[in-house]
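Structure incoming, see below.
In this document, chain identifiers A, B, C and D correspond to the written order of the chains, with residue numbering beginning at 1 in each.
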């Protein structure tokens, strides 16, 4: 084990899998950088956020491929490569850009296996950056994983810690189904223990980051950090919060959530995406339909408002769920108000 | 009033608004047809399903515009036209094709008003065909309105009857926000009373198609027809089902749904889209969070399975929610089994 | 270019198979026996076959909604195709794809595609596989005149040019995109020129003439196999029937289809050359014809009688593991 | 082409304003006063201004992530821009857009756009409005070399060619898309040729030379205003700074930027012509310079001191009615 950043953990997983399997390739905009410029062909970027720095030197430009700014071609090429024997890891720099390449996700990669009667594997991974709080404005800050979770045929992973970043990415690459791998930009600098060597985190297996008995708090991606903080604070006051990080929304570990709700009888869902038709609604509906008799209080959703992410820094902060709001919601749900 | 088909009602609304306002234009693939062929320039299509038949003759090709097969350009051009003084009604032939033009919905039309500080109107309507049951296969049968409902800035309309088709479309055209207008292909031939003359149905106002006291059944688009049928059948047995057709998912008439659940204490949601992160989950979560204390039984979701729509006819039928399943779910929810 | 007589007879066989297959499908659609939507390839046989005669099973093609001809040209089993079109359990896609989604990876067929412009980026990915693995394989995308306008096609051109991929853009200009003609929808009126502008050799071919297509695609394939990057061919051949079966074709001038049948029949044209220049007897061709007609007769009957997928099939093949 | 001296002085004023604005922004970004991401336009001033001097307030432009230059060239108020960049309540977008989303419909500015390839289809729509309403207005999209590869751009070319829209494709080839050069990412290495292949006049211009851009765009605008359909111009001018402020520019050869400053300064080039050919005194230009420096000094101070949007602003302007 070593302390690493989320970014380093992602690099670890990618390098590990590329060393292990020569069919793994990386493609995207400026995953290396420097080609066609005036400085020669040295790496000029190594990925917009440095995750693939040094990869071209180790694996060669034939496996670490810079592309033009054409996301439909990037994702489409990854799809075709996956159908024909490679395991491509394609980068869609910001998740918001799925607007320009959704077809290759929605109608192609997600449906090949079904349309083709199961006679193919589609081992493609799309790495993409999401999340607000970075001052990146309305077109570079969205959390659109609910849309993808609702597409049968796709898997969706949302690592919230460096260890999960490594373990889920390795699993994603070895998976024979298409995986949308959603990295939160505010997590890149977060540090944590990351297992050395080969490390895999299974899909569909929730991580219970805090055990508790009074209320179940399901949180996704960066929101898990906030959830843990609030749980720790409330624990000191005797409110016992169980924090569940599903880690993948598709497949979703329904059992873990239902077991926890069965135990606590209370549910709060914390999600950085839109309030409507998102994971907060999905988990709430799951509990309401499947664990109704366990529920001792109304479940609660904590999400941003139904608005774009403003460029304005203080409004962006206001847009994000706050520790205070999480704390208050939990207190209200367990029926204990602030002292 | 006259009996008309859903298709005729759509034509009515479009013609009504085009007569009323010269800035309304229509654009899309083969909305007229025949240009560039060998038969001269007469209308060869009038829309893939005939909704705009005769429009070129009445309004001229300058206002009824055939486009190449380039949905990003179609929707983008509609966006630009809407920002600059027209009220475009653009057609995306099948809703599945939002894969190739999502950016213009997600990142452009939906966000202009917000990004530009409110200093614009975006009166664009996207008409699009959705729904399974037509033998159109996995890439032409999806119901993707939940994805759009989750995009702040968009409005989403789902007419279930000829009258609503007319009234909601006229409202959509006069609305200063972007509206995704989702027409179900199996409804085109359905008939019903349609008011003559100018007719508008407000957005965000649910239609209670059957009043009842035992259970609230919320249904969308074509599923409303199935809901009504089941309600009528069960009424004869003394089970009183209140059927709510929200008509628009954004804005959503939360009050009507909550009032009904407050009255009945029971909720079933019937939705033709994916089980995850769809309207079935959204409405269920709404009731669970806002009407928890009214609920006498677990709410239930009725949706297709988390699979693509198969091309296989009998599997497609199996994919769709059936009358039997709806009936059974309602019986189970109200606690009365079949006699 | 030299022509191997065995290849020519095989090409004839495939063109004839496409013709008879599609004519039969047409009658079946009219009788209402075929589920879903069917887009026929008649009139364009020389394009698919002229192109695919250069390809191996390990070369890939991406297809369109009008995919039957591409499948047959690429060697997909006709019986398995028919089972698929009838959505039967033993179809090449287990009956879950139907006419618009026939795929057979074992033959290098990456799937018909009901999204206009959906397949070219995927074919580009297959070309990327060949390049990455260092084979001399190629990939080819069939692209309609209407599809040539889609942004995904331009992206595919550039992407494969930049990465010097062994990719062939096989444009099928059949004069119409649905109910609108190329006289309207095609800015610049020259698809090959567009491809050329992205930095690749691009030529035009007579899509009614097998030899014209075969020669042009041959040059493109040699170019691509040799590692010189992508190439494009634009072939012209009108479709004989409607956009889909049921289309009233009001956009076509009177007698256009009759004229095409008389003057632009790829099979008639091919046969004439085979007989005059290659010493192939008409009787030999008639034998092939009969074999094929019989085969299709057989396979249609088999397909119609074959069992449907079980109800369970609705839920399977969504994921490899979940 | 003849040049009105008043126009030339106004062009100089705008080019200088862009230069001073961007240099100031650069310093402010380095000092950490500016929220969000900032992409600077220095080195490319002659493109935006050479193009926009042909446009009226009722003509439209669609812009890019590198939009400050386009805004100033199109006449957007510098104070309102600064308030917006600082995300203040009185910004031209009430502080909710920031640098990458400045829009001012009253000046025909349809918005910077943080999606590469996002704006061209929108500008096409503005051209459609002009055509539908029968005005002689035009619309113009600014498109980077990197953006020229996006499918949406190809679609826009074809769409406006087919509909004969009064549309100008103003390509800004600045040699790089992020950290990758046109030597790699641009299949065919010729953007103008791509536009031409869609059936429109397309020329190249020296983007460092105001007159070269002005002349080429002048011809394009005359063509478009006259109802002849779209036209394209590809102008070349390297950007002087990084892709965004903070970019280490490892993709650039040693001394490239210094060389550019010495040999490819659009303002120096313009001034030389103004003085030599148009009898404009350097002192007159210095006066303009000072006015502008003062103006920017003022407006930056105002912007920094101005009130932020209220918290309520988070929730407003999502819908016109809901």
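Remarks
Keep this in mind: a contact is a pair of C-beta atoms (placed from the backbone, for glycine too) under 8 Å apart; a residue touches a chain by one contact, two chains touch by 3 or more.
Just so it is clear, the model here is predicted, and its values are computed rather than measured.
By the document's definition of touch, common neighbours of chain A and chain D comprise B, C. Considering the contact criterion stated above, the chains in touch with chain B and with chain C alike are A, D.
Centre-to-centre, using mean CA coordinates, chain A is 31 Å away from chain B. Each chain gets one centre point, the mean of its Cα atoms, and the points for chain B and chain D are 40 Å apart.
Chain C and chain D have centres, each the mean of its CA atoms, that are 45 Å apart. Counting only residues that touch two or more partner chains, chain D has 95-97, 101, 113-115, 118, 149-152, 155, 158-159, 162, 184-187, 318. Contact of a single residue of chain B with at least two other chains is seen at positions 68, 70, 72-73, 96-97, 99-100, 103-104, 107, 114-115, 137-139, 152-153, 305-308, 310-311. Only residues 60, 62, 91-97, 101, 103-105, 110-111, 113-115, 118, 120-133, 139, 151-152, 155-156, 158-159, 162-163, 316-322 of chain D touch chain B when the two sit together in their complex. Put simply, chain A touches chain B in their complex at residues 72, 96-100, 102-107, 110-111, 114-115, 137-139, 142, 144, 146-147, 149-153, 250, 252, 273-274, 276-282, 284-290, 292-293, 295, 297-301, 305-308, 310-311. Contacts from chain C toward chain B in the complex involve residues 35-37, 87, 95-101, 113-118, 146-147, 149-152, 175-187, 248-254, 256, 308-309, 311, 313-315, 318. Residues 29-30, 33-40, 42-45, 48, 66, 68-70, 72-73, 96-97, 99-100, 135-140, 305-308, 310-315, 318-319 of chain A are the ones touching chain D in the complex. By the touch criterion given at the top, residues 25, 27, 62-63, 65, 67-68, 70, 72-86, 88, 103-104, 107-108, 112-122, 152-153, 155, 175-177, 204, 251 of chain B touch chain D in their complex.
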